[in-house]
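What follows is chain A paired twice: with chain B in the first complex and chain C in the second.
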Partner chain A sequence: MDDGAKIITEKLCFAYRKRAVLQDIDLALPARSIIAVTGASGLGKTTFLSIFNRLWEENGGGTCRGRVTIRFADGPVDIYGKEMSVSLLRRRVGMVFQAPNPLPMTVFKNVAFPLLLQSAKSRDDIAEQVETMLKKVHLFDEVKDRLDSDARILSGGQQQRLCIARALMSDPEILLLDEPTSSLDNTACARIEELLVELRKDRTLIMVSHYQDQVRRVADRVFELADRQLCRIW
Partner chain B sequence: MSTFGRLPVVLFRLAAFGSGLLTIAVFLLMLFLGWPLLSGGQFVHLIAEEWSPDRGLYGVFPMVIGSIAIALLALCFSLPISLGTSFVAATLAPRPLRRCLLAMVRFMAGIPTVVYGFVAVFLLVPFMREHLTGGSGLNILTASMILALLIAPTMIVFFVGGLGSVEKSFCLAVDGLGGTKVQKLLYLQLPQAWPAMVAGVVMGLGRAMGDTLISLMLAGNSVAVPHAAIDSGRTLTAHIALVIAADFSSMEFKSIFAAGMILYVFSSVVVVVLRLFTGMAMRPTG
Partner chain C sequence: MRRLLEQGVAIFSWSGTLLLLTVLLVLLGYLGYRGAGAVDTGLIFGTIPPLDALLLRRQVFDGLFPAVAGTFALVLLAVGLAAPVGLAAGIYMAEYCRGRSRQVLGLFFDILAGLPSIVVGLAGFSLTIALHRLLPGSLGPCLLISALSLGFLILPYLIRSTQLALESLPPALRLSAPALGATKLQNIRYVLLPARLSAILGGIILATGRAAEDTAVIMLTGAVASAGLPRSLFEQFEALPFFIYYISSQYSDPDELQTGFGAAILLSAVCAVLLLGAFIIEQTLSRRLMR
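What follows is the complex of A and B.
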């Protein structure tokens, strides 16, 4: 086992309705870095991401074998172990989806939603944390007058930054990003990239991306998914 | 668009127009047949008076009370059952169990009313008579309990449809944030499915108000105004069914049109009020 690794997979296999998607993958992914996964469409990049927060289990039809260990701040955890709570895992391994998916509620409530799930904090604490998080994703100045408006009226780029702020609200140690800029224009894309580089300082980011330029700009390590295997490119 | 291409559109519009027209026509027919009562100023008496043909009183007030009591009581029994079942069937249960549960609910919806009535007459009525209500066991409570079972599948199907229609991306967002199934239900699905839930309640209430056989078989059909759930009672629908065999020109016969009109107006008012309420609840506040 790699001593400096944040995530370790051993003989990881994944099949969807008996069709093998990933086969015997052994990886050691470093902490505080951006790991990019590239590859042709339909080969299972999103599935690969969803293995780390067990989100694939929501769709059914999948089978996962092997071992995935994450070294959280309080010790290593086999995320498919019997004592692992899926809800807790997903609060520690956040996810940002390909298309921005703000919930049908206000900007404020969207960002505060993870705190509602944890049923903690006073009203003032929540407001303070929402503001901090919106500032962290450089969105506060743009939405400070619209905190009580429906989040779905924001632009695509703003929505995606809102989703990143929401994902960061439960302070995850790992952030999974499934093509987070694919539906955005160049300006919005550049802002998200800057944000990802900032987030790398204290988090591990695993990002699926089709854009080679983007991967070169932000990633520390790049893998290509092909023939059910992940090959390290650099 | 070609004539052949336009044909389905025209047919669908005709069907929609026809069904709307039919609804109005039913009301107009009842109005026409009940006009002698309305024009003679007897309609108000019919609603407010008791039913005692021996004394020349043909009021349907006891039946109005009976209908409302049975329908509301049935809704009270059915709502928690339907909500619980729909939560399990839509979200909480594992996928195979959900499918099984929904198949059973749909099967329940297809069982003829008279079967529920029969089962109740042989199982529930003796139980109520001996252990709970005394008397004949035929009363408002017995009828509303079975009516609750009858309307539950309709409500469950609406509730499950509403809860299941929440956009998948929203559900995925909550899953991704570590929301449990119960949290997803409470914070996302229920607020989103609110209109469908109200529609389910309206449909359930409408079905409870409109059902004839259960109240006819189980409510006891007393024409006295019921004062308690264990009293015997008669609904408007049961009253129409019981009186329809009377002489066509008698006052007794004419009174059933008043009963029909009350039923029609009452159902319409309930639907309109609930629709307005839903509209207000759904209006954005931010």
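What follows is the complex of A and C.
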């Protein structure tokens, strides 16, 4: 086991309806870095991401074997162990999807949603945290007068930054990004990339991307998924 | 050739819509032409002053007020009884039921939706007889049995519309709350239902219309020609669809038939009020959920 690694996979295999997607993958992914995963479409890059927050379990039909250990701040955890709470895991391993997916509620409630689920904080605390998080993703100035508006009226780039703010709200140590800029224009894409580089300072990011230029600009380590294996490119 | 085919399909679709619209307008126009002359306060309240009737100071014997009130009570009760069950079953079908049981239950609900209303009415009638034998003298054909039978009739529409509304959500939205740590129940409560609220309420609106127009079920389970205002769930009642059926099959002069057309206009107005009510509820709920 790599002592400096944040995520360790041992003999990780994944099959979807008896079709092998990943085969015997041993990895040690470093903390506070951006790890990019590239590869042709349909080979299982999104599935690979969803292994770390167990989101694949929502769709059914999959089988995961092997061991995945995440070294959280309070100690290492086998995320497929019997004691692991899936809800808790997903609060500690956030995810941003390919297309922005704001919830059918206001801008404020979208960002506050992870805290509202836990209902452990006062409204003032939540409001303060929402403002902090929106500032962190450089969105506050653009939406401060529209916090009570439907989040779905924001532009694509704004929606994606909103989704990143929402994913960061529960302070995850790991952030999974599934082609986060694929539906955005160049300007919005550049803003998201700047944000990812900022986020790398205190968390681990695993990003699926088809854009080689983007990978070169932001990633610290790059893997290619091919033939059910992850090969390190650099 | 392909372009010609596309144009043909577009013209066919447009013609179908136009035909439907024309039939609807002709139907409403004919209804207005035959019945508008009969629609006045006398048709609803008879010789009783409207305020006295509305405040229940005096009973209406020669107007349709009891039938209008009976129709409202019947439809609201039927939808009120069926909607929670239909929503729950629809949520179960869309979110929890998997594999073979999903196929079997889906087939069962489709068969239920295709059941003729007279068969449901007959089942309600049999239930009434069974209850009457079980509790002699205390329970017979009544508003509650009618509402239960009507509720059963509209149940498959509610189930299927809720199920389809939830299943049509994009996968990315379906996964967004679980990815943030939400449980399945939290996902349904905070995301899936609010996102498809208008489609689900659309199903309830359609079911309301179906409940308001049905005659076969109520004529076998509790509706009568003359019962006065419905005073309890366990009494017989009057309803507009039954009155229209009764008058159109028994009329003895053209004036009576015109009263039947007037009642049809009233029934359309009752449906419009119910649909407007459902629309207002949808708007209010949407705003509340958005806050």
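The rule is short, and it goes like this: the second predicted complex is superposed on the first by the 234 of 234 C-alpha atoms of A that agree within 3 Å, B and C clash if a C-alpha of one lies under 4 Å from a C-alpha of the other, contacts with A are read in each partner's own complex, and residues count from 1 in each chain.
Here is the rule we go by: a residue touches a chain if its C-beta (ideal position, glycine included) is under 8 Å from a C-beta of that chain, and two chains touch if they have at least 3 such contacts.
Not measured: the values here are computed from a predicted model.
Model built by superposing both complexes on chain A: chain B and chain C clash. In the overlay built on the shared chain, the residue A:87 is in contact with chain B and with chain C. In the superposed model, A:229 makes contact with neither chain B nor chain C. Contacts of A:150 after superposition on the shared chain: both chain B and chain C are touched. In the superposed model, A:106 lies in contact with both chain B and chain C.
According to the touch criterion, the shared surface of chain A, contacted by chain B in one complex and chain C in the other, consists of residues 53, 55, 58, 60, 87-91, 94-95, 97, 99, 101, 103-104, 106, 113-114, 116-117, 148, 150, 163, 166-167, 170.
Interface residues of chain A facing chain B in the complex, by the touch rule stated above, are 53, 55, 58, 60, 86-91, 94-95, 97, 99, 101-104, 106, 113-114, 116-117, 148-150, 163, 166-167, 170.
The part of chain C that touches chain A in the complex is made up of residues 98, 170-183, 186, 190-191, 194-195, 289-291. Of all residues in chain A, those touching chain C in their complex are 53, 55, 58-60, 87-91, 94-95, 97-99, 101, 103-106, 109, 113-114, 116-117, 148, 150, 163, 166-167, 169-170.
For chain B in complex with chain A, the residues that touch the partner chain are 95, 167, 169-180, 183, 187-188, 191-192, 284, 286.
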